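Below, each structure is written out as C-alpha cells.
Heads up, the next two complexes both have chain A, just with different partners, chain B and then chain C.
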Partner chain A sequence: MTRFTRAGVFALATTLALAVVGPATAQERVKLINVVELSGAGATAGTQWRNGIDLAVADINARGGILGRQIDIVHYDTQTNPGNTRAAVQRAIDEGTYSVLGPVFSGPIGASMQIAQRAEIAQIVGGEAAGLTRQGNQFLFRTSLSQAAAMPKLATYLKETVKANRIAIVWVNNDFGKGGRDAMLPELQQRGIQVALDVSTEQGQADFTADAIRIRNANVDAVFVYLNEDESARFLLAARQQNVGKPMIGETTLLGARVIQLAGEAANGARGHVGLSIDAPVPAFQDFGRRYQARFGIASDHNGLKGYMAVHMIKWATERMGRFDRKGVADTLRGATITPQMEPGILITTRIEANGDLDRESFLAEVEGGRQVIRSTLPMIRP
Partner chain B sequence: MTEVVAPSPPPSPPVARAASGLSRRLDGVLLTLIAGAVLLWFLPVGMGRYGTYVLTLWLVTSIAVMGLNLTLGIAGLKSLAQAAFMGIGAYTTAILGTKFGVDWYSCFLLSGLLSFAVGLLLGFPALRVKAHYLAFVTLAFATLVWLVFRNEQWLTGGTFGIANIARPTLFGIRTDGALAFHRFVVVVTLVLALALWWLIRSPWGRAFLALRENPIRAASLGVDIRAYTLLAFAIGSAYGGFAGALYSPLVEFIDPSPFALSASFMLLLMVVAGGSGYQLGPFVGALVAVALPEWLRFTGGLYLIVFGVVVLLLLIACPQGILGLAERGWNALRARLGAGAAEPSR
Partner chain C sequence: MSTPAISQRAATATHRTIVRTHAGMAELVAYIVAGLATGAIYALAAIGFTLVWQTSQTINFAQGEYVMLPAILILAGVSFFGLPLWAAALLGGLVFVAVFGAGFKIAVVDPMIRHGVLPLAIATMALAIIMKEGAKDFFSSEAQTFPSPFPAGAVDILGVSLSMQHIAIIAVAFIAIGILQWFVSRTRTGRQMQATAQNPGVALILGIPVARMVMLTFAINAALAVLASVLVSPLYLAKFSNGEVIGLFAFIAAIVGGFNQVRGALGGGLIVGVVDSLAAAYISSSYRLAVPLALLVLIILIKPEGLFGRREERRI
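So, the complex of A and B:
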C-alpha cells in the first residue's frame, strides 16, 4: 500500500512537472497550417503540395527547426470549394498559424486571400493565374512563375525553335488552363502565330480521342497542350493512338515525371518550357526528387517542389528577421532575393517581386526515351 | 420536436382535429424559429471568426434547403437544380453589385425575382413529366446553368470568378465584420423562415400538400394543379436565389464550383437528412452537411470518409430524416406514457 502510494505520489509529481514544463515546450514550437485541395477537382495537385510541405517540415525539424523551434504542421482540406477554403483559412488564422500555406487552385485563393490580408499574415500559395498578384495584396506570395511570365518564353520557343506559324491549343477549362490560354493568345498574336484550332477540354476528362482526331485533321504545325498532369498523359496517349504526328509543346504540366509515368512511350517527343522540375539540371531539384520518391512512393511534380519551397520561404524570412513576427514575414519576403547559399531549401535562386510574383531561371526540355532532358536554361527575366 | 408536416402516413384526420393539431405544431415551429434566432444572435460571441463563419454558412445554406424543402418535401416535385438557383442569385448579386454598383438590398430582391421567374419557366416541364423524369429535366437545367457560369466569362468572370463582393450596410452600420454579418444573416433567415411558415399554414401550403399527396384528388377539389406546381417551383427557386444573394457577400468571392451539380445533390441530401417536409428539417439537414464535416476535421485525412459513413448510417437508421426519427421517438414516448396515444403521428 505504501509502495503504491509512493508510486501514486511520484506519478502525480511527474504529471505536475510535465504540466509546468508543457507550456514552455509549446513555446518552443511554431504552428503552420496548410489549407489545400485534398479532395475534389484539385486533389492531385493539392496532395503533391502537401507532400512537399511534409518533406520540408521533416527536413527543417531534423535540422533543429526555425530559430530553434520545431514546426507543427496541420493540413486542412478545402474540398476545392471557395466557401470551404475561406472557412479553413479563417480557422487557420483563428488557431494562430504563423503563416498560411496554400491553396493551389486560383479560385480558392481568390476566395481566401482577403482574410490573410486583413489579418496581415503572409499567405504562400501555389496558384499560377496572372490575376492573383494584380490586386495589390501585400501578403500574397507565389511559389512558381506566373503564367504571365512563362507564356512569353513559350511563344518565343514556338516561333524560333519549333518554327510554328499555325498551331492548335488544347487547354483544360479551369482557372489554370483558361488562365494559361488567355495569357498565351496575345503572345502568339505578337509573334504572328495563328491559332487554327482552339480545343477546350474538361477537368478530369478521360477520353481525348475526339480532340486528337480534330487536331490530326487540322492543318497545324504544332500543338500547344495546357492541361493538368493526368489529362496531359491521357491526351498524349490519344494523340499517339490517332497518329496526330505534330510536335507537342507545353509547360511543366506536359513534361513532368507524372505525365511520363502515366503516358509511357507516348510522352516521348513532348517538349517545351519547364519552371520547376525534378529532372532539371539542378542537383538540389534532383536530390529533392529522389527523397520525395523514397518517402511517398510517387514522383514529385512541380506542386511538390512548390510546397517544399513555400515552407523554406517562411523559414528564411524568420531567420533573416531573427525573431517570430507574422507581419514581418511578408515584409521580409517582399522584394527579397533568396539564394541556395542563404537557404538551401529554396533549391534555386528566387527573387520575390514587390507584388508577390517570382522570378527564377527556367528550362527548355524534351521528353526522350522516357526521361525529361533539359535542352537549355533560360535566364531570369530580370537577372 | 415541433414540426409542421411529415411525409407519412398520408394525412386524413377529421378537419377539426387536424386544425387543432396543426396549429399546436405550427406554434411550436414559430417559437422554435424565434428562440433559435435569439440564440444564434448571441451564440458567436467569443466563438472566433471561423466558428461565426461556419454558423453563417449554415444559415445561408439552410435558406436554399428551405426552398428545396418546399419544392420537394412539401409539394413533392423532385428537383436537382437548387444549387443552380443559388448560383443565379449569387451571380446576380455579384454582377450587379461589383459591375453596376447596385446596393445589396436591390440585388437581393432582384436575385429572388430572377430565380422566381426562371423557376416558373422550369416549372412548365414539371407539368408534363413526373418523378425521375422531372429530376432529369432539372438535372439538365442545372448543368446548363453551370456551363453558362463557367463559359460566359464576359459576364460571370468564368473560372476566375468575381472577387471583392461588398457586404451590405444596414441603417448606416456596415456588416463587414464576421459577427455583424452573421447577425444580419440571422435576421434575413428569420424573415424568410417566417414567410415560409406563414405560406405553409395558408391555403397555399395546404394546396402544395395536396399536390404531393394526391394530385387527382386535389384537382377534383378545385386546386389548380398547374398554377400550384409552377408556384411551388418558383417559390422554392426564389429561396435558392435569396440564399445565393447572401452567399456572395459571405464569401466575398464566387466562381462556378459551389453551384455545380454535386452541390444540388448535397442540398437534396440536406432535405432528406433533416426530414423531408418538416419545416425545421432544412436547418437540421444543413447542420449535418455544413457543420459536421468541420467538426470531423479532428479525424484528419479521414474526415470525408467518416462523414460519408455517418450520413449512410443516418439514412439507414432514419429514412425519414433526423426529425422523422425524433418524431417517432416522441410519439413512442407519449404512447408509453399514455398521453396522446390516440393521435396519429404526422
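So, the complex of A and C:
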C-alpha cells in the first residue's frame, strides 16, 4: 500500500510537472502548415514555393523566431488535386496551424479557400487567377500580382513594344489559364489587338506539336503564352522544333528560371512581364536568389520568392499586433503597406489591398542566352 | 466592268485559292508527320503489350511506366554518379533491361502466372504505382530536361516544314521495329520465340528452351521501352507521371491494331498518333483524348480482334 502511494505520488508529480512544462514548451513554438502541390501537374511551382518557405523559416528561426517563438513548418502534398487540397486545408486547421500557407495553383485555391475563411484563419496563397479575390473572402491573401493587374501591362507591352496587331493566344484550360485569358481579352480589344488564333490546351499536356504547327501557319505578329511552368517549357520546345519564329510573349510563368532551365535554348527570345524575379534590379531579390541557389542547388523562380514572402507577411502581421492572434493576422494584413524597412523579409514594398490583391513594382524581361534579363521596371499601379 | 478586268480578278482569286490549298496541304502533311512521330513512340510501347500478351497471356499495365523510368534512371546516373550522358544511358538501359525485363519475369510473372492472368494483371498495376511513386520519391517530382540525341529545328521538304527530331524519331523507331521483325521471322531464335508464343507446350516437346525464350521476350520489351523513353523524353521532359499518357495511348494503339500481332501494334500506334495529332489540330487540344477513345470503342464494336490482329479462341 505504501509502495502504491509512493508510485501514485510520483506519477502525480510527473503529470503535474509535464502539465507545467508542456505548455511552456509549446509557447516557444508556432506551427505553420503549408498545403501545396509537391506532385502532379503543379509540382514544379509547388516545390519552389515550399523551398522559399523553408528558407524563410530557417532565416526567421535563426533570428529568434516570431515574438520569440520558433516556427515549426509542416508541408502537405495536395498532388495538385482540388479534393486533396480541401482535405489538407481542413487537416491543417484541425491540427492548429497559425495560418494556412498555399496552395499555388488557382483551381485548388478556389476549391479550398472557403475552409480557411470559415475558420477565420489567414490563407496566404500563390495563385494569380483574377476571380480568387472577387469573392469577398476576407482571409485570402495573394503573394503575386493578380491577373487583373498584370494583363493591362502585358497588353500595353504587346501594342507599344512588340507592335502587334494580330496575335495568337495559347492558354491552359484551368482556373489560372482561363482567368488570364478572360482578363486579357478586353485589354487587347481596348488596344485594337485582334486575337487571330485562340488555342486552348490541357493542364499537364505533354505534346504541343499540333498547337505549334497551327501557330506557325497562322498570320499573327506574336504569340501570347499563358501556361503553367512545365507546359510553358514543353510548348517552347515544340515551337522551336517547328520553327515557329514569332515573338513569344508571356507572364512570369513563361519567363521564370525553372522554365528557362527546362526549355534550354528554346526559351531564348521569350519576353514579357514578370511580377517577381531574382534577376530584377532589387538587391534583396538578388541576395535571396544567391542564398536559394546555395541551399537548394537550383535557381529560384517567382514561386520561391512568393513562398519566402508569404511567411514574412505572417511574421510582420504578428509582430505588428504584438501577440499571436489567428484572426488578427488577416485583419492586420488587409490594407497594409509593408516596406523592407518594416520587414526585411518582404524584400520589396508591397501594398495589400482590402480584397487580398497586391500592388508592387513589376518588371519587363526577356530571355537572353539562357538568362532572364530585366529590361525595365514598371511602377506600382497606385504608388 | 471590262472583260480583261474580270479575268484578272478571277485569275487572282484562283491563284489565292491555289496558294491556300497548298498551304492547307502542307499543314496537313506537317500534322501527319508529327502524328507519325508520336505514333512511332506509342508503337514501341504497344509492341511491349503484344510481346507480354503473347508470352504470358496478360496485360502489363505498367507499360507506360516502362517508358517513363529509363529516362529517370539515365538522369539519375548523371546527377548521382556524375556519369557522362552516354555512359549513363548505357548503364541505365542495361540496368533497366536486367531489372524490369529479366527481373520482372522472375519476380512478378513466374510466381503469379500459375494463379491465372488476373492476379498477374493486378500485380502489374501495383508495379506501375511502385515505379511511378519510386521515381517521384527517389529522384524528383519535378519535370527534368532530357537531352535530345537529334538536332533541333525544322527542315523544309517539298515546301513542308518538318521537325528534324520528328523525322529522326520515325526513322529510329522504324529501324528498331524492322530489326525486331527480321529477328523474329528470319532467325532461329526468333522462330523459337514465335513457336513459344503460339504453343509453349508443343514448343517444349520440340526441344525449344521455352523459359529462355520467354525471358528473351521480356528483355526485348524492356529494351524497346528504353528506346521509346530516350526518344520521347526530350519532347515531353522526363517526369514521373509521363507513363500515364504514354501507357494509355499505347494500350489504345495495341487494341486498335490487334493485341496479338507486332504489326498490329505498329499500325495501331501510327494510326492513334496521327488521329491524336489531327484531333489536336482540327478539333481542340482539350478534346484530343476523346477522339482516340472513340476510335477504340468503334474498333471494339466492329473488329474486336483489332485492325491487323487475328481472331483467337480460348477455352476458359
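Going forward, the second predicted complex is superposed on the first by the 360 of 383 C-alpha atoms of A that agree within 3 Å, B and C clash if a C-alpha of one lies under 4 Å from a C-alpha of the other, contacts with A are read in each partner's own complex, and residues count from 1 in each chain.
FYI, contacts are C-beta pairs under 8 Å (C-beta built on N, C-alpha and C of every residue); 3 or more make two chains touch, one makes a residue touch a chain.
A quick note: this is a predicted structure, and the numbers were derived from the prediction, not measured.
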Ask   = Regarding the shared-chain residue A:173, is it in contact with chain B (first), chain C (second), both, or neither?
value = both
Inquiry  = A:213 in the overlay: touching chain B, chain C, both, or neither? Say first, second, both or neither.
reply    = second
Inquiry  = Looking at A:51 after the superposition, I want to know if it touches chain B, chain C, both of them or none. Which is it: first, second, both, neither?
reply    = neither
Query = Is A:300 in contact with chain B, with chain C, with both, or with neither (first, second, both, neither)?
reply = neither
Request  = Mind working out whether A:39 is in touch with chain B, chain C, both or neither, as first, second, both or neither?
outcome  = both
Ask   = Is A:93 in contact with chain B, with chain C, with both, or with neither (first, second, both, neither)?
value = first
Query = Which residues form the common part of the chain A surface touched by chain B and by chain C?
reply = 38-39, 41, 173
Residues of chain A defined as touching chain C within the complex = 38-41, 43-44, 47, 173, 199-202, 204-207, 209-211, 213-214, 216-217, 230, 233-234, 237-238, 240-243, 258, 261-262, 264-266
Remark   = Per the touch rule above, chain B residues touching chain A in the complex are 48-51, 53-54, 57, 150-151, 153, 158-161, 163-164, 178, 247, 250-255, 257-258, 294, 297, 300-301, 303-304
Key: List of chain A residues in touch with chain B within their complex   = 38-39, 41, 75-77, 79-83, 86-87, 90-91, 93-95, 106-107, 110-111, 114, 129, 131, 135, 173-175, 178-179
Task = Could you please specify the touching residues of chain C with respect to chain A in the complex?
result = 23, 26-27, 30-31, 34, 37-38, 136, 141-145, 152-154, 161, 163-166, 234-237, 239-242, 245, 276-278, 280-281, 284-286, 288
